[in-house]
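Got some structures for you, see below.
Two complexes are shown next, each including chain A; its partner changes from chain B in the first to chain C in the second.
Here is the complex of A and B:
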């Protein structure tokens, strides 16, 4: 039968093509951090009019007073939040003040119940009809908290509320929100505000007594001291969602105007970005963003707003002694001016943020890589997967034809032949996906903590899955079926996973692609025992659990680089357990998808590859 | 169907259009029972007969509704299987009559009964396990019933019952308008099978079609108490005033369009659904069943409110021509496109509507790719 020649050429040369695509794609992607390949940020939304008016916030002494009295107050409530003090301050400023109760039924282990309370005040707009609102929020941290204190942000927020309440130009309501229990409070408040339930329904969000209009934007404050050296802007949200780039630009522009040194991922801009060192610096910033976006965990409370279509960022003020450029520290006055400018710009908005990019990567505070720029190199890296699928399809159909002509039926090349295996690994993955709750129940009988039981359970489950190929090939009689067909399924599923993932959480998709493309090209059954073991070892290296361990190891190593190896490994082991637990719990509370993706999408693909690598060959 | 997913699935725009969502049927039935004119509002677009039928189902069978939908799907699958088996028998007979004229080296291209037999199983399995039909059954769309009637019409065609065929096509055309083009392959089929009495072969299905359609219209007018239903059903199908996103091509174009071009493009788009009837009928005159399937596929792409349920039925008919697969060029690419667009569609929709980060273009690009895949495969 006549066939077109293109697939034949593709089949013949697909290995070099795949390798070239992969290598060139990666080089291209890394090169994007250089200014010659990325673009300078600009404002798309003209209504923002940043910095058009002279800021006149001057209540920095008031902020200092608030800080003193808040510190005094928090000494009295060492573990809780001074609700009445906060509500009292809001009421004194003339805001509509409400408190909001929420309850968390902790889903795993001993099923504890946690309660919390948020306090918020609404400054009603004098020139609007309460149809739109802007949120300024700050998490409250008691002195016993392990994280850096956040009292200065609340003090600054109160001082700003006091200043704002005297102004006449507000067209949108301003909501000043103080949340308890970090992200939990913010999540509960947002759910209650929109009256929706996300996650598995373990968070009882209660109801709000007062609301303003649709929230247009939110600024979350985390200022750790009254004198900070720089402001760090955080954008990565839940499941890797990002705020509109215009909001990021706005903060950047106003910080520049008020002479506030600001950074992204705690890394300032390189003085000479065009040089090699400048490029290396920007690559570092880019990869730092990719690694935090890939985890799907919000870097601050702002990350939870994104799901509701609200652009939000966190401004973190840090005081670091050994910052590269020891500039003059930033005072409350300057911070207040920045925030005033931001709020006034947001007040100017005529429609919600939609003009600028939602899909971007940032190598510096004033450069961006848009989706149109980063997708081609990504497409090249992932393109190898599709080429491989096409080549496999061609070679199997040729082989099937040849077999038919020779009239010997040795191997079944039917598409349905791979089906039982594929269905089986998916069933197994669904089982594992629903297992953590059972693991924690079993763990309770064995007097294990929920963290231990979930980790050990998952580990044991994954380890037992390693023998699945032997079971499958013995009991389903797959020796006569083509492994290529199974591989086509696996490769296609991987391709769909990474391309679909790239529009949701690009960084996660990128990491998965970079790790799995070589595996997708390499995996095949081998007769030589050494090769077989080598392939199995490579596969084990990209098992989702191993990948989690490796990433935690890298993270631990970068934080505690002076630890001896055995302690480092032990610390990593503990952190991995915790990371797994958090990903399960975050999935249940916030509907973070990392665990779901790893178990329901990545694990089946991996199992298929494992099955192929250990496929018996006569 | 009883899981919490069902509601979620029923809300998907890919499955439930204003024309086939069960929620709207319920709404219409309720309005009707309250004595409110159903068709004067903009909610209900089903035919009056469907109103009667839906009302009957909801009143008497409410708690068994799931089972009825599942039963209909099973019945459809059985009918399709019977279509496939009699069609393959006919193919074999044709081959037996013509085998002497073939070249000797074409022997490996000859059909065998076992290959066609597996085709029958594949047709039923394809209908029952096709994710599109399963989802549209779970979503309780009225496409399930339309598919049942289409399958019955196919069965009556290949088994050679012209009168029943005419009635069934009248019923399904009455219900969703576009399948009216099935008359062409039907008449061709009967004329070929009954070559000594062409007039009867032409007139029987045609007359039965016209008479049943007329009857249905009269009954409808009686039920609806007037002829306003024409405007609300066929007017709605033809003028496409509801621009809720779906898997079709209409909504995106008509949201962008200047009002004074609307009529022109409306005509162009609607003609698209029917313009292929004539050339295809000439090209595929030897094989009316293939023609009917191709027409189903084209109307599934070019109708104003397509749903995945419409796609499911013609996809499941394709295994009847399993023996032609080696001659198809883009099977793999088209298959990949189907899978990829089915995954990407909901994702893009979610990003656009819920996260607010993507926009309509993303979703439309995916639906466009989906339709391209359908056309390429057609």
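Here is the complex of A and C:
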């Protein structure tokens, strides 16, 4: 049988092809941060009509009054939320006011029960019949909270509610929502609003007494002081979902109009983006977005709305010391005008957000990289994986044919040969996926905290899996089976993971691809002991658990760069434990997929590579 | 108008096959509805109470509703001749408290931007009523001018005090501007809930499934039997088997069901629900969303589809929180008097907005653009291939493909220099030449002429390009 020439050429030169694809892909991707490769943002939805009317919010003194009395009130409730005060304020503004109770049954460890309450008021629209709504929300933080206080946002929200209730142009109901316990309150409220459940029996979302139709958009406020230096717009949501780009553009446009200095990822726009320094600055912003999107953890309460098809962003007002001197600080008046403009624009919407992009990356507040632009370089980076699979398939089928002609059967090239190994690694991954609850139960007997027991349990499980290749090869007699077939399985699974993942959470797929493509090209059994150990060491470096540790280390180092190394490592260890714990718990409460993907998809691939690296060959 | 007409037989209600029900969920009331509505009045807007209805204050109100009720009535007990009764109603809710920082004072001039200056001479009666039930001892507000009389009717839950003004008397000497002066600012307190409270909403998310849930709350002390009627469009495909779980059907009984047929008729679903005293019952109808044909989508398809309000009919044991409970009365005067005892109430729930899976409507445009581009690009080569004959001339030197590529590359690199030095057409000899012969042309000379022209044109454009580069 004659084979076509292309696969043969591919097989012969696949190494340089893969390396070129990988390197060019990465260079191309980094180059996207330059303005020559990305595009300026624009409005797709004409109905928004941003800034068409002059803002006339002038209740900034009212906001200051609210802030003072809220501060007084929160002194009295040092750990809780002043529900009655908040409900009273909403009621006196003439809003439909409701409270919402929810309960969390903590899924791990001692299974404690936490309760919380949200307070919300609905301003009924005079130009509509409660079929649509816009949410303005703010998390309440008691004075004992470790996070920066959020009383100014609630004060501003109340002042805005007072101003808005006097206007007659509203066609959509406005829901003013104050949530407790950060994202938990927002998640419970949204689940109760839509009557959905994620993670059976973990979060009991309770019921809402009042509703206001389909929610079109949401704005979450986190303003830490009455005078802020700039507004930071946060977009990254749960599992890397993003709001419609039009909403981001809307805020950008209105901030510009009201002279509010605004940033993305706390990084302003470079004055000369075309220069080399401008490009470096935008690369920094871009990678900051990629790293936070990849974690799948929302950067604010807005991130939980995205699942319900609601475009939402968080506006964080920060007072930073590194702020450029020439900018004036932003007052309640300006913030109120921005929010008034945003709400009026959202009120103009005829259709829900659908016109603009849902998949994009942002290198600056006025530039974007759309999916059509970032996918080709990603395809190049990940293309090596497919080329490798094709080359392996070609070489194994050639070898099998040769064996057949020579009539000696040394090595089994059948596809079924690699099957037991593949099934085995998936079974252990499923076991590990369901293990955290057991770990925490065992940890209770050993008087360990849930955090410790989950981390130590996972670590021990992963460590014991390292001997899996010896066990498998002894019992299944792998000497006569082809490791190439196993590798084809592994590489194809990795390919499916990264290409399917790229349309769901692009950043996570990108990081996995960049880390795993070289490994996929490199991994093969070797006779030399030193080479084998070197490959094992490289593999250990991209183990999901090690990758978690390395990312946490980078994050810790960027936050506490002045710490001595031993303290830094200790801090990283603590943070890693916490990160693992959070990813498990987030999976149960919010349906965050990162833990599932890491354990059920990435770990089996890694175990297959580990198996190949330690494959016995004569 | 005579107010002594009574409906003697409800003949049209005896046979339910005469009953028709329709609802239009997406119709905003505006001035274009107000003008024809006003024209139905006996004096139009030129005289009478209708003079108060200026569009500006009407449409800055927090709530307004226009309605027309038409029904046939009998003229007398023998029912030999019939009447057609037309009742026009305009409801308006204004909220002066919010705009005036808690002050509640109001006047006709403030609410309607004009006082009353005339009555309609065709009207048999022209009266203004103010409900003063909560202001029996005149503690909270004072009316100016003083009312002509105060009608007291009913007792207990149905007790109602109405201050009555006869507009004709009041207008005898002067304009009539009714004012109310309040003693104190308004403080929002707890509002006692009505006897039966209904809320209806869509649950679930995404574009596949969902369910319409209705929550019925009985705050009274007696169990209520409620008729819940839902008329839904066909593009919501209901799942009755999951909606009617055992638990749900213990207290609800499906009294009527007409299944939908695609593009022909919608769903009719009626259930009788028992609500115990002080309890809340929930009914839910699960559905999937149908995919429509692309011409069936309305403009702004991503806005969603309006689902008409459901109706809830109930006989309440007491007329608490009920404004009108006399169904056979004709005049406002009679209707404002509450009858004691059981009273029939029909509640219309919220309309809903459901988003259906929507195609990308810009796609036809994209497809047209793409198709036109492809046709335009394909036309040239296809035209060439079909109208011209390709003849290959032999080339003398046989170079390997690699060296050919190299020479081509070299010639590309050196082109700019070469072209300056070389005279026209010298490099034609080195390159393989394809002579195009057109079978349609018999005359060779003509063809050659055309070719020469083309070549010379090409040369011109090439030299022009060079000039541009040089500049």
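Here, the second predicted complex is superposed on the first by the 613 of 618 C-alpha atoms of A that agree within 3 Å, B and C clash if a C-alpha of one lies under 4 Å from a C-alpha of the other, contacts with A are read in each partner's own complex, and residues count from 1 in each chain.
In the analysis below, a contact is a pair of C-beta atoms (placed from the backbone, for glycine too) under 8 Å apart; a residue touches a chain by one contact, two chains touch by 3 or more.
Keep in mind that this is a model prediction, so the values were computed, not measured.
S.K.: Contacts for A:126 in the overlay, against chain B (first) and chain C (second): which applies, first, second, both or neither?
M.R.: In the superposition, A:126 contacts chain C only.
S.K.: With the two structures laid over each other on chain A, which partner does A:354 touch: chain B (first), chain C (second), both, or neither?
M.R.: So A:354 meets both chain B and chain C here.
S.K.: Using the touch definition from the top, say if A:319 reaches chain B (first), chain C (second), both or neither.
M.R.: Neither partner.
S.K.: Does the superposition put A:532 against chain B (first), chain C (second), both, or neither?
M.R.: neither
S.K.: Report for A:165: first if it touches chain B alone, second if chain C alone, otherwise both or neither.
M.R.: second
S.K.: So in the superposed three-chain picture, is A:309 touching just chain B, just chain C, both, or none of them (first/second/both/neither)?
M.R.: Once the two structures are laid over each other on A, A:309 reaches both partners.
S.K.: After superposition on the shared chain, which partner residues are touched by A:214: those of chain B (first), chain C (second), both, or neither?
M.R.: Only chain C; A:214 stays clear of chain B.
S.K.: Could you say whether A:94 touches chain B, chain C, both of them, or neither, answering first, second, both or neither?
M.R.: second
S.K.: Do any residues of chain A touch both chain B and chain C, and if so, which are they?
M.R.: On chain A, the residues that contact chain B in one structure and chain C in the other are 307, 309, 352, 354.
S.K.: In the complex of these two chains, what residues of chain A are touching chain B?
M.R.: 1, 4, 241-242, 306-307, 309, 352, 354, 358-359, 389-390, 393, 401, 404, 492, 495-496, 499-500, 503-504
S.K.: Which chain B residues qualify as touching chain A in the complex?
M.R.: Chain B reaches chain A through residues 108, 326-327, 329, 332, 336, 339-340, 343-344, 347-348, 351, 354-359, 362.
S.K.: Can you list the chain C residues touching chain A in their complex?
M.R.: Those residues of chain C that touch chain A are 60-63, 95, 97-99, 187-188, 199, 201-206, 211, 213, 300-304, 306, 350-353, 355, 358.
S.K.: Could you please specify the touching residues of chain A with respect to chain C in the complex?
M.R.: For this pair, the touching residues of chain A are 91-94, 124, 126, 129-132, 165-166, 168, 194-196, 210-211, 213-214, 307-309, 350-352, 354.
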